[in-house]
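The next part holds the structures, each set out as structure tokens.
Across the two complexes that follow, chain A remains constant while its partner is chain B and subsequently chain C.
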Partner chain A sequence: MTQDNPKPETLAAKIGVYICHCGGNISDHVDVETVRRRVEKMPGVAVARTNMFMCSDPGQEMIAEDLKSGTVDRVVVASCAPSLHEKTFRSAIQRAGANPFIYEHANIREQVSCVHHGQAATDKATVLVAAAAAKAGQLKPLTPIRVPALRHATVIGAGAAGLSAARDLADSGIPVTLIEKSSFLGGQLARLDRIAPTGDLAADLVRQLVESVLNHRDITVLTDAEVVGFEGYIGNFKLTVRRGQPAVEPATEPRYIPFSGMQPAGTGADKPGDLTVETGAIVLATGFRSYRPRQGEYGFGDFSPVITLPDLIRKMAERHVPGNMLTIDGRQVRAVAMIHCVGSRQIPGIHPEDENGHLNEYCSRVCCTATLNAADRIRQAYPGTRVYELYRDIRTYGRDQEELYEQAGRNGVVFLRFEAENAPEVLPADPGDGFALKVKVTDTLTFGETLEVPADLVVLATGMEPNDVSDLVEMMKLPVGTDRFLLEVHPKLRPVEMPVAGIFVAGTCQAPFDVGEACNAAGAAAVKAAALLGAGQVELDPFVAEVDVDRCRGTGACIEACLNPGALSLVEMQIDGQTVQRARVTPALCLGCGACVAVCPENAIDVCGMTLRQYEAMVDAIVEN
Partner chain B sequence: MTTATRSRGNKILVLATESCAYPGADSVGQAHSSYPANVYILRVKAPVLFPDRFYIDCFDKGIAGIVVMSCGEECPYDGAYHALAKRLDRVYQEMKARDIDIRRLRLTAICTVCNRAFLNEVNQMNAVVGELNN
Partner chain C sequence: MDDHNDRNFDALVIGGGIAGLQSALDLADQGFTVAVIERDASVGGKMIRLSKVFPTLDCASCITTPKMAAAAHHDRITLLTYCDLISLQRENGGFRAEVIQRPRYVDARKCIGCRQCEYACPVLVPDREQGGFSPTKAIAIPFSNAIPQIAVLDPNHCMLCGRCERVCPTGAVDYFQQPQPFTVTARTAVVTTGFEMTTLADKPQYGRGKIPNLIDALQMERLLAPHGPYNRVLRPSDGKAPDSIAYIQCAGSRDKSMGQSYCSRVCCMYAIKQAMLLSGSLPLADITIYYMDIRAFGKGYEQFFQNAQAMGINFVKAKVAAVEPGPDGAVVLRYEAQDGEGVTTAEHDLVVLSLGLIPAWNPAGVCPLATASDRFIQSRRPKLAPVETAMEGLFAAGAAIGPKDIVDTIAEAGNAAMAAGKYLAALSRQGQETVAAQ
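Showing the complex of A and B:
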């Protein structure tokens, strides 16, 4: 069996076990008093107490009193899920003057009383408390890792989310460097016209954001700039930024055309070269790109009147031709067919993968509203143009967005619904009927009737794809979901944090968002980063690897297994008059995953607060109780 | 080679990642979806922490089945899932050598809202344990 690492305290622990009734949520199913009686006889347990609400002030006070009196020096609370109150009890312990890491949680609500009843629930609760006590007996006080942090943040990407995050950070007193790959600020927002559902002009929003950023004395903007080097750790990152190489978009992408809202912000082309940015935190706001239909998809590339929704928005904004009918590219449009879910909600076996084997199975969420907004605007401004919406499902999920859907109906937009496996076909119009195209669709709203919709224009409501940030992903060791968007630590509990401490995510590089959601995420990321850097030092959980140099033989196996290069290294040191190599942890870089623990042939490395021996003790308790 | 083991009960150990499967198990609880009471869930940052011998030791101690509930391909620790999968391949070989039925160990991916998948996994393992213990 493995030996403990770090070594256990020499004095036997005095464990206090505190079992919560949770107002009956637990005690209606678990005989709490029986659990208490069983537990108080267990080795190492000094006291076992119950309370109606252990998270209440009296409950916390009970724990604090036992700590202050020296009755206990380790604490187990058996209550609800640790996500709810682990921090509560650690704080209570700290307020009592003890180390907050001498605490272990037993989850007897969500994992016992919610799912088991009667004797089985009481028995299982006993076992879980015994396992927690077994671990608690081996816990040792830990000190949070404190590293000096530069009061400086870097935001990568200057779309709506990046601009918002940079402004919010700077307003919080944190100097910011904003790095943008292209020559322009505003990102995809600057390609839009009026934003649904409010009708605000995108150009106004971009202008406000850009002005607040460019006029802020604490924000340095670098355009035509790209991060090409990354090193360091939370509070002390070092980025190499290459300037002067305007981003080259793939030939398949539409040219990055600035129009009303696009704000040229000076160029880095006249100051080429590399520069180093030392920064304490990084906010990734690298944005999205619109799905580009493949050649022939709904006639795209085969027929010039087949365009994407972003193309339509830009064409309508750039060349407004007054009249009864919409005019696009000099041609009057008597009827427009708008096809939803292009490049989104793709289904294996129905939709082909792209050249890289990707399939966008997710819903892009914002295209329904954007399409309805465009349809409404056409119908209101050009009543002579008929609009047909061909959809699979409509998702208008935000405040006031459903109103757009209803408004479209009132405006005379005609809806036709198709199944994914029976997608519409875009075909040349029959000779003599005067239209450019026709769209053949099997409409489930009319019980499967096959209809032919005449159209002078076909608009494809294309979905969102994350921008290619594989270079950043590789450099910073960032996780990416199967949908290729950046993956936060947890979508609800830590929604703007990446697993690499000090790196945050905001906006559409994380998932399809609308502008409001992207700015909300940016605000959250900015607050997180500002809170982190505000004190000039950062405090990290101490659950990181620790090397027992007495056991370490310098095999390097841990370094090979380490998932975050730089977190572990071999260093020379003097032991018994000899120069030897031993592993050393850089705590601020360590992810605490434990990949190193499993491979050490000498059992010389472990993760503080969750050692292998602690887990083994829990297993022993589970087996024996 | 068969190792002398403690008599095996029916206790099932679940190693659940703190960012995915453990909140997933909590979600099952919040939904009040019942599952066998012989399932014991340990919260882990990443199951890649456990060496090969941990699993064998658990079986030797009397654990009847282990379900490793990882975050799968969406693991926040880049590379951890593949390292874990490789390790479990070796553990399976060791289990075979020790005449431990390899169905007693399962690797799966459970997310924070995978209630049905969680229930399937623990119920399946419970069925396997029941069958093997008969």
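Showing the complex of A and C:
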């Protein structure tokens, strides 16, 4: 924008450069002192300092002191990736009374010390810091964009996490719309019986959660509903929700249907069709589904007595046949073999990928305890039924879970341990021994002996997979990990946030969790949403396009290139007595992508904080150093 | 900070580790005023003392310091460090905490953290912040990224030579400082008192802490930390770089002989993490982990374990029965090999005990709060509301209610802040105005 007419700087910027050792993570590879000495001599640099941890309080104070004393008025910190600490340093600058956007971040850890060593590392660090300093010299104070935020949140998914998050938000005074795809509330929790290790009845937990939601005047529940449209931005989202035909008869009052969940009372207004929900924040609680074994996996689909753990739980709960022995599907079970890690902890080269090329390499976290719980209950209720558990590692990590493991052992559950590469085989039993099947296993607990376990029933401890939310992922541009679960910004710094501001994640759509952990995750997401909406307005980064009205000729090229409809428009205005068309930016909608900058024939549009001139200065500095 | 007149807050957070900081931040961001009471001279808890954290291998400081700084600078958060909680009782529908701030022998309002006292002090003391491997001074800033940056004098080692007092530019050193009792009142409280490691003294088979080159995992954290005592991994007895390092898992967990029958939940992952870091700093060393079950259950943890195996870290399924000193500073382990060799001994240059977690705080005599048989605070509804305790208006999070990794702790701390926030919201609906609103 200023190529042929550079505006003279009225006051030269006083740049402070602060280089972090990162406690050795940087300084073990980069000669930080050399970088400091070189940078100190660069044009515009008023001071260059180093610190063991720039992000620590003494580090931040160092910057604040220099700003307050007037020594510097532009700040460059050379440290880790900006995703980690750019925000930290902007806040430090703001606390010192300066504009937070006079800041530029140079990444000399991930981009330098993690990958280069010795002289090359020091030289590259110098170049990156020089470029950042050159850009900093061109930075201008910016004002964050403040937009009003709707005091309303939307929770998608009404399992344990979704119900819990909706109630938490409503209890803190924020109206909530809860959207559920099925006709029932309770999610996968409703598909359980007694849950370990507390022995709570899942139905009771679902009832408690659902009643607190249905009786809350600030929660609107939409069942048989799906999000089909998404637009807007933090504080001001607009969702299109499509309500389908309910799969079950409407109920006159809320009712609990075992293994389905709680059905809210239907009203005459519940007609199929689209409605619009305007909301300030979104909590995704779309949950998991149980892994479905492939045909032939441990005999699944080949032999009818091979079932999954969810199947066993349901069969035992639905039809209790008293007696010395467990009865399943009308057949007495003299021995049951339970195989762990089915569809979890899969290893490339050992386990085959599914039809879409996926492998579930993660641990599903809950199956060990759930399997032990089922095994122990069988041994207690049906002492005539023998129980074998075939496992890789027993992961009873949680409170009171180890005790359950011990108790199962005391109650006569027999444990056999196999290695992943030497998985058990489920085979038809030898003729004449009367059992339905036998399981052949190489047991490492008996020094690698190959054993054959007779079984009338084989139970596969199937793991968790995230529900398919590819439509939401596509619409909201959400990141998904290699494990296919939704991927948070950072597991410790921003564990419930999606990169799209105002969208949060709760429960098993993020990773396998048990019920208590899912409720913790829901509370963690709700508290962030509550803090966001409590203020009534949100601040957006000012890195948006800006039109130089003097240069703009209203060609409209920028509007054609714009990726977010509505962010740019042509407006009529009076200039020198003439009515002309000029481009105008709606800052809250601008993505700051720069597509408009690239196409403007007049160089009349630029992105604040990332101007062409700033980039030119960076390139010049790189060439010179 | 450290302004301890008797004061009233919306919420009181007991413990300034990662759980307490997260709860305090999430409460303050909802608009409530919060006081954090911390026993130590700095906030940050166990996490700030770690090297790197699993499964991302982010440096622990890089994740903890921003939360420490954010809490320290938050308009609605007051950090009260070096404080003992004497009593916490319900009173007038809220909580009354009696607190004593221990003397630092340095005036917190005057100290500017310049470290002149530390440089001048002639007394060297083993630095417990560095696992006892390197010295600090009898008056010192606790560690480089401590918050607050206020020097603390160690009266057990100070010889009252007066040098620190003479060099202090602000006259902050005060040899006559007394314990400061004060009262904090609040409507709600969150207990985030964290954990300590089990003590070696409880296990005669492992030498009761007397075997050279048998260290604990927190000491190894310091050896691995980039700003650690030696700047590299050396074994303590003779300064030799170890060629063979072993980890003994479940040393203090799943072990009734030590009174801890539960799983400590983090030791598998921290041992794997340390093993990975060791194979980076000592590429030629053999690293063996003796384990009962590998419990890599969190997000990305199993993949982390698989990577460790691919890197050549050796996993041996065995519960180590006994540890003895060997020749030339070696450590000898005795265990039953499950590959058929029976009772086996193995010699390593350096052995790390993966100690378990025990509660850092016992509410007995301070607060009528129930603990379970594992001595951690009892959750009233572990499934639907893990953060609720039996006391009205009192919530708990993190390792105070059972061993927990950082990721799970941060989520639980957020939930505790949500629960406490809801409790405060309900009180204001009943007409009780929050402190922040006043």
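The criterion applied here is as follows: the second predicted complex is superposed on the first by the 368 of 625 C-alpha atoms of A that agree within 3 Å, B and C clash if a C-alpha of one lies under 4 Å from a C-alpha of the other, contacts with A are read in each partner's own complex, and residues count from 1 in each chain.
Here is the rule we use: a residue touches a chain if its C-beta (ideal position, glycine included) is under 8 Å from a C-beta of that chain, and two chains touch if they have at least 3 such contacts.
Keep in mind it's a predicted model, so treat the numbers as computed, not measured.
Of the two partner chains placed around the shared chain by superposition, chain B and chain C are both touched by A:Lys492.
Taking chain A as the reference, the larger set of touched residues comes from C, when chain B and chain C are compared.
When the shared chain is aligned, chain C comes close enough to touch A:Asp168, but chain B does not. Once chain A of one complex is fitted onto chain A of the other, the partner contacts of A:Val597 are limited to chain B, with no touch recorded for chain C.
Once the two complexes are overlaid on the shared chain, A:Val127 sits against chain B while remaining clear of chain C.
In the superposition on chain A, A:Gly566 makes contact with neither chain B nor chain C.
Look at A:Thr88: by the touch rule set out above, it reaches chain C but stays clear of chain B.
Within the superposed three-chain model, A:Gly534 lies in touch with chain C and out of touch with chain B [touch as defined at top].
Contacts of chain A with chain B, set against its contacts with chain C after fitting on chain A, overlap at residues 490-493. Those residues of chain A lying in contact with chain B across their complex are 1, 81-83, 107, 109-111, 114-116, 120-121, 123-124, 127-128, 131, 477-479, 481-482, 487, 489-493, 499, 543, 561, 563, 591-595, 597-599, 607, 610, 612, 615-616, 618-620, 622-623.
The touching residues of chain A, counted against chain C in their complex, run 22-25, 28, 52-53, 55-58, 60, 80, 84-85, 87-88, 91-92, 95, 160, 164, 168, 171-173, 195, 198, 200, 205, 208-209, 344-345, 347, 361-363, 365, 393-403, 406, 444-445, 447-448, 483, 485, 490-493, 495-496, 510-512, 515-517, 519-528, 530-531, 534-535.
Taken in their complex, chain B has these residues touching chain A: 6, 9, 11, 13, 19, 23, 25-26, 28-30, 32-35, 37, 40-46, 48-52, 54, 57-58, 61-63, 73-80, 83, 87, 112.
By the touch criterion given at the top, residues 26, 29-31, 53, 55-56, 58-59, 61-63, 65-66, 68-70, 72-73, 113, 144-145, 147-149, 225-227, 231, 254, 261-263, 265, 293-303, 306, 317, 338-340, 372, 374, 376, 379, 382-387, 401-402, 406-408, 410-419, 421-422, 425-426 of chain C touch chain A in their complex.
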